[in-house]
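In the two assemblies presented below, chain A is common to both, partnered first by chain B and then by chain C.
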Partner chain A sequence: MLETGIQLFINGISLGCAYALITLGFVLVINAIGAVNFAQGDLVMAGGFLSVVFAEFIIANNPHPITGVGLFILPLVLIGMACFGLLFSMVTYTPLKSCPPATVFISTIAAGLIIQHGINAGFGPEPQIGPALISSGTLAIGTLTLSKQQIAIIVSASFLILCVGFLMNKTQLGRQLRAAAQDPEVAETIGVNGAQCVALTFSIAIALAGAAGLLLSNQFFITTSDGGLFMLKAYIAVTLGGWGRLDGAVIAAIAIGLFEVIVATLVSYILAEALLFVALLLILLFRPSGLFAEAIQRRT
Partner chain B sequence: MMALLSQRSFVFTLATILIPLCFALNADTYSQRIMTLSGIYAIAAVGYHLVFGRLGALSLAQGCFFGLGAYSASLMGVHFGLSFFVCLLFAIGFTALIAALIAIPVLRLGSHYFALATLGIAQLTLLVAINWTKVTGGANGTYGVPQPDLFGKTLSSSTEILLLVWFILALAVGLTFWITRKPFNYQLTLLRDLPEIAASSGIDIGRWRLKLFLLSAVFGATAGALQAYTIGVVSPATLEFQIMVSILAMTVIGGKNHPTGAIIGAILLTHLPEWFRFLETNYLIAYGAALLITIIIIPNGIVGIFNNFIINRVHHNLKSLLEDGKKIISYPTGLSLKIKNVSKRYGGITALKNFSMTLDSGQIVGLVGSNGSGKSTLINIITGLQRHDTGTIKLDDQFIEDAASYKRSEKGIARTFQTSLHSYDLNVFEAVLACSRNNLGIEEREQKTHRILQESALISRAGVMTNQLSAAEARKLNLCMALVTEPKILLLDEPAAGLSSAEQNFLSNQVRLLAQSGLSILIVDHSMDFLLPLADRLICLNEGSIVAQGLPEEVLTNSKALESYFGMPKS
Partner chain C sequence: MIRLLQVLTILINITLFPVWLKADESYIPILVPVTGFLSLEGTAQRNGAIQALDKAPINLNIKYEVSDTATSPEVAVTALHRALSRGQPAAIAAPIFGTQMLAMLPIAKRASVALITVSGTAKLTELNNPFIFRFFPGDSVVKVAHARYIHEVLGAKRPALLYQTTAYGQSGYSHLSRILKENGTPLVFEEALAPSVKDMLPALTKLKASNPDVILLHLHSTPTALVIRQARNSGIELPIVAGSAMHQPSTARLLKADQLRGVCAETAASPISELNNEVIKFTTEYKKRFATAPDAFALAQYDGMNMVIAALKSGAKTAIEVRNWLATNTFKGLAMSYKSDGKGNMAHDATIVCYDGKTRIPKIIQRYLNVDGVF
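Showing the complex of A and B:
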């Protein structure tokens, strides 16, 4: 009983950690440009497919059969998606930076459509299975057996989250990013290049989305139509965690993952989904400005 | 009707309905089917443009209304064998009811939460449709939706269905034009771009939002019902995000601020998969690309290109009204404003502490105080844009502190704003017209607008777009928008800031005349040169409390006032 409980808990945390990466990227963009990146979910999916492609390439070019190349692929996916993030911001944000935030919302919806159906045209709608992070196996602690895979997901996601936390809070670059997010005009006057900051933020955010795609693609497979739900969960997590707050968003995302796994295991996945939306609507009904105080003033 | 026909925009819209329809009537069955689909989506998109374009609210529920309409109509048709017309009415009623329930919590949300909440509702509806198999038919949907019938006759040919759909589209467009007729269209623009001005000019924002949201639901449901009856099946696909995205793309590409845009967008995008056949089922790539290109290159869509042609700006045809010299503006006299013990705190900061004052008819009271002393908070509280914590506000013998902003405006409180407010889609005349009193006929409203602009020497700029005004002109416009509501109490928030001395003189003369005609006026300003000769009484605020009040010269010599505001050391 206890073992099942702990196993369930680990499952939930590992899903939650992947959600936290998605949400972290989502909220970084919100803070930088005051708008929602509606394509964040599709970018997760794109990251998943990129991992599939990398894994196939590595396995095809390696004479020895290997499993668990995920950890090796992770940096490649991060770099690949970060580069794509620069392109993404150049197309969906740069031409629209003087427009109201709702405009960027729409341009990212459009970009999401192109990404989703572009990949669909290439790979088809069938689920693909991504690489495992490490070769599978279990870890025995006393009577407890834990899947190494899950642990690897939690460890690598936590590592990335801590990296972002360190970058934003402890480095000069992070301070510049936050300054540019808080007040672009004032930041410009003290020598921060606002446009570069936004581009960099997009590229970090999308790299995180790609990493989440890799982490999710083995256990849950990856389908071209998955993006919408990933985005929705990040959106809900940001609302629960306090609009614009990084720490709140990460905690809320982990809570959502945990909640989803527990309800889905005990009752059904559909109930988990439905309850999540109902909870969201109830919160917005009673707390129209979100569950916790907003970190930044909304600019709309 | 004649009035409508004289509007270029209406004629333009009529043409975008009739010309494609004429082509479609002579086309083959397949083309007619696609044009029927265009008409169906156009109905949904016309509804969506009301919320997204006119209100500027990023709703993601239009696809949900579409699906609700499709399900409720066709399930009635399949299970109870009712006629199409009855099913359609049921679908409209049911969807409107759901929309009304959603509207209560959702319409007051800020834009990002509004988008998320409407998306959440859509997802929840989709889950219900897939999993409530007994009623909806589950993931496979329900087949055998009958063909539409009218007066007992089944409409089976593609031409008949095409005509039915486009007739309903014409009705929907007609209703849209009627609801957004002049001057309500300007009020809508004002409440979208400058909600605070709109609220303090007597425009009931909540009611407009509800009205247009419900109307969008009605149009969405109608379109959904028509779609299910046309293809003979209803499935969860009608509730999927693709439908929402398609409607959004049509509205944006065609032009989100005008019903014609919705029609053009719908026709274009339903034909797009035909032109991009090589994309097969991935035609949404083309939708995405078209949407992205449109929003970058022509943010107001295709119709936006022809904007100047379509929209008649109203001031041109008014030259004849001018020279009769008749006094058409009246400021009813004899009202006083009594504020008693009003307090307001923001978190730990006290903005106002037990503030009391009386403003009598014909009186000009000046309010001075350093920045952050609570002056703007006071004006916001009097006009209802902010809620106070304790205290009462009385207009003559009526307590008004619980009334909504627009109600206070109706009772005769008007204000100007400190920040220069630019609206993007109105010219000077239209902006003032939008603020004129709702109980007047359109001609009277136009006359009053004209007279006010004349009195404020802004009439020569009547046709200029509001975002092209100089700072001084923008202040004048702001005052005109307040005056056209025919107020009894006028609150001016730093009206002289940034004005040259000649402009200040013009303004003081105007204010003096207004006071002589009976208005009670409260002026917040920093310019002593402006305020001293003008004010009958001066109140000096510091940290939310009155430190001195009385005749201007008394306040000027009051040591507390000198210390707190004028920055002089204690003598």
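Showing the complex of A and C:
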């Protein structure tokens, strides 16, 4: 019983950690441009498919059987998706930066659909399985038997979340990104290149989406229509955690993962989903800025 | 500006969508979901229909075009209107998505054109619409086979069911739970899962606590694979009898062969498992052309379009003559023999396939013939 309880807890945390990576990228873009990137879910899916491509290439070109190539592929996916992020910002944001935020989020919806249908046309509609992060198997701690794969997901996601926290709070680049997000005009007067900062933010956000895609694609498979689901979870996490709060978004995302697993175990999945939306409505009604205070506001 | 847009729209329509239909040609639009959450099944439908129509005799002069109906009834209805605007189709290959079919049925009735579908939604053939022809057995057929197999072959007494919250899942659940209850083996556990559910351990934990002797699944492709993998990884080695999604090669591909040991599925057919030469020929051609293995949906749509071709060959000239031929004749297809029950249900047989744990190709274990609603 205890073993099952701990396994369920780890499942919830690992799912939440993957959601946190998606949400983190989502918030970074909101802070940088004041608009929602509605393609974030489709970019997670794209990251999953990219990891499938890398895994097939590595396995096909290695005469010895390899299990758990995910850890080797993770940096490649991060770099590939970061480059795609630069292109994405050039196409969906740069030409429209002087337009109202609504124009940008419509362009991201269009980009998401193009990504989804492009991958569907290229790969076909079949669900795919991504590479395992490490070799499958279990880890025995006393009488407990834990899934190595899920522990690897938690460790990898936590490492990436800490890296983003370090980058944003402890480095000069992070300060520049935050300055450009908070007040682009004032930031430019002190030598911060706002356009570069926005492009870099998109790049980081989409790299995180790609990493989440890799982590989720082995554990839960990946299909071209999965983007909407990931987007929905990120949106709820951002609303609960507070628009603009990186830490709030991460905490909310992990809480959602845990909440889903616990309520689904104790009662049912349907109730878990219903309660999640009730919580969202209550937050919107009584605390629209989220559970944590809003860090920034758009200038009027 | 508005005028310019109107002119541009007309020009685009003329350029991209020319009315190329000639008087002696038979026009068969293929309206299926090739994008969205049913793209796997919709693509199989499209492939099956194309494979049949491309092999039709040249003298029939059949022209076809494929339109994506995506995931909403509005898109499907627009595609249908556009197809009808090109001229009178002989028949239409229609989407597997029941919600779209419900929206298309009244329009097809007004246009007097038969819809050839593999949709399993029971309601479609209960509306007294004479223009629906379903070439895939509905739940009143396959769920009887599902229940009979676990009862007669596995001897199970304590079945537990996981099903989808969608219309597809609800339909399967209502048939299966009723049949099992009537036969003295009611479900000991049941839970509905949304297609978005990723972690199946909570459901499996509760299911295991109910002490079942067989697990029944009525889920879409990815959730079916997720449940089976998580059950086997959690040490649950009970027999699993799944819905038709499990017979699809794309579902089996997500699992290791040993995880499939003790897993069976109900389906109309399993082209990759058949030893019949005609089906082997169909499967080989399909793989060569579409670079993927066919499933029962592809084969059923192939059979459906071949029955339309048979109607045209027999002399049916108009859409209403094709419809009347479909309603009154028996057609021997590759999967089974098809005959309308008066409501448009053409398929009345079901098959149980099982995996042996060594390969991902299932073996045909049982065939249930003419089992409409009868246990």
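Basically, the second predicted complex is superposed on the first by the 283 of 300 C-alpha atoms of A that agree within 3 Å, B and C clash if a C-alpha of one lies under 4 Å from a C-alpha of the other, contacts with A are read in each partner's own complex, and residues count from 1 in each chain.
Convention: contacts are C-beta pairs under 8 Å (C-beta built on N, C-alpha and C of every residue); 3 or more make two chains touch, one makes a residue touch a chain.
Quick caveat, the model's predicted, so the values are computed rather than measured.
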Applying the touch criterion given at the start, work out whether A:264 contacts chain B, chain C, both or neither, answering first, second, both or neither. second
Look at A:117 in the shared chain and tell me whether it touches chain B only, chain C only, both, or neither; answer first, second, both or neither. both
So in the superposed three-chain picture, is A:58 touching just chain B, just chain C, both, or none of them (first/second/both/neither)? neither
Touching partner for A:288 - first (chain B), second (chain C), both, neither: first
Taking the superposition as given, does A:220 touch the first partner, chain B, the second, chain C, both, or neither? second
Partner chain in contact with A:275 - chain B first, chain C second, else both or neither: neither
Using the superposition described at the top, determine whether chain B or chain C touches more residues of chain A. B
Examine A:146 and indicate which partner it touches, taking first as chain B and second as chain C; both and neither are also allowed. neither
Common interface residues of chain A with chain B and chain C? 116-117, 120, 232, 270, 273
The residues of chain C that touch chain A in their complex are 34-37, 39-40, 42-43, 165, 191-194, 196-199, 201-203, 205-206, 221-222, 225-226, 233, 250-251, 253-254, 292
In their shared complex, chain A is touched by residues of chain B numbered 56, 58, 105-106, 108-113, 115-117, 119-121, 123-124, 127, 131, 241, 245, 248-249, 252, 279-285, 287-289, 291-292, 295-296, 299
Residue numbers on chain A that touch chain B, as the complex places them: 36, 91-92, 95-96, 99, 101-103, 105-107, 109-114, 116-118, 120-121, 228, 232, 235-236, 239, 243, 270, 273-274, 277-278, 280-281, 284-285, 288-290, 298, 300
Sites on chain A touched by chain C in the complex: 4, 7-8, 11-12, 15, 116-117, 120, 124-127, 129, 147, 216, 219-221, 223-225, 229, 232, 260-261, 264-265, 268-270, 273
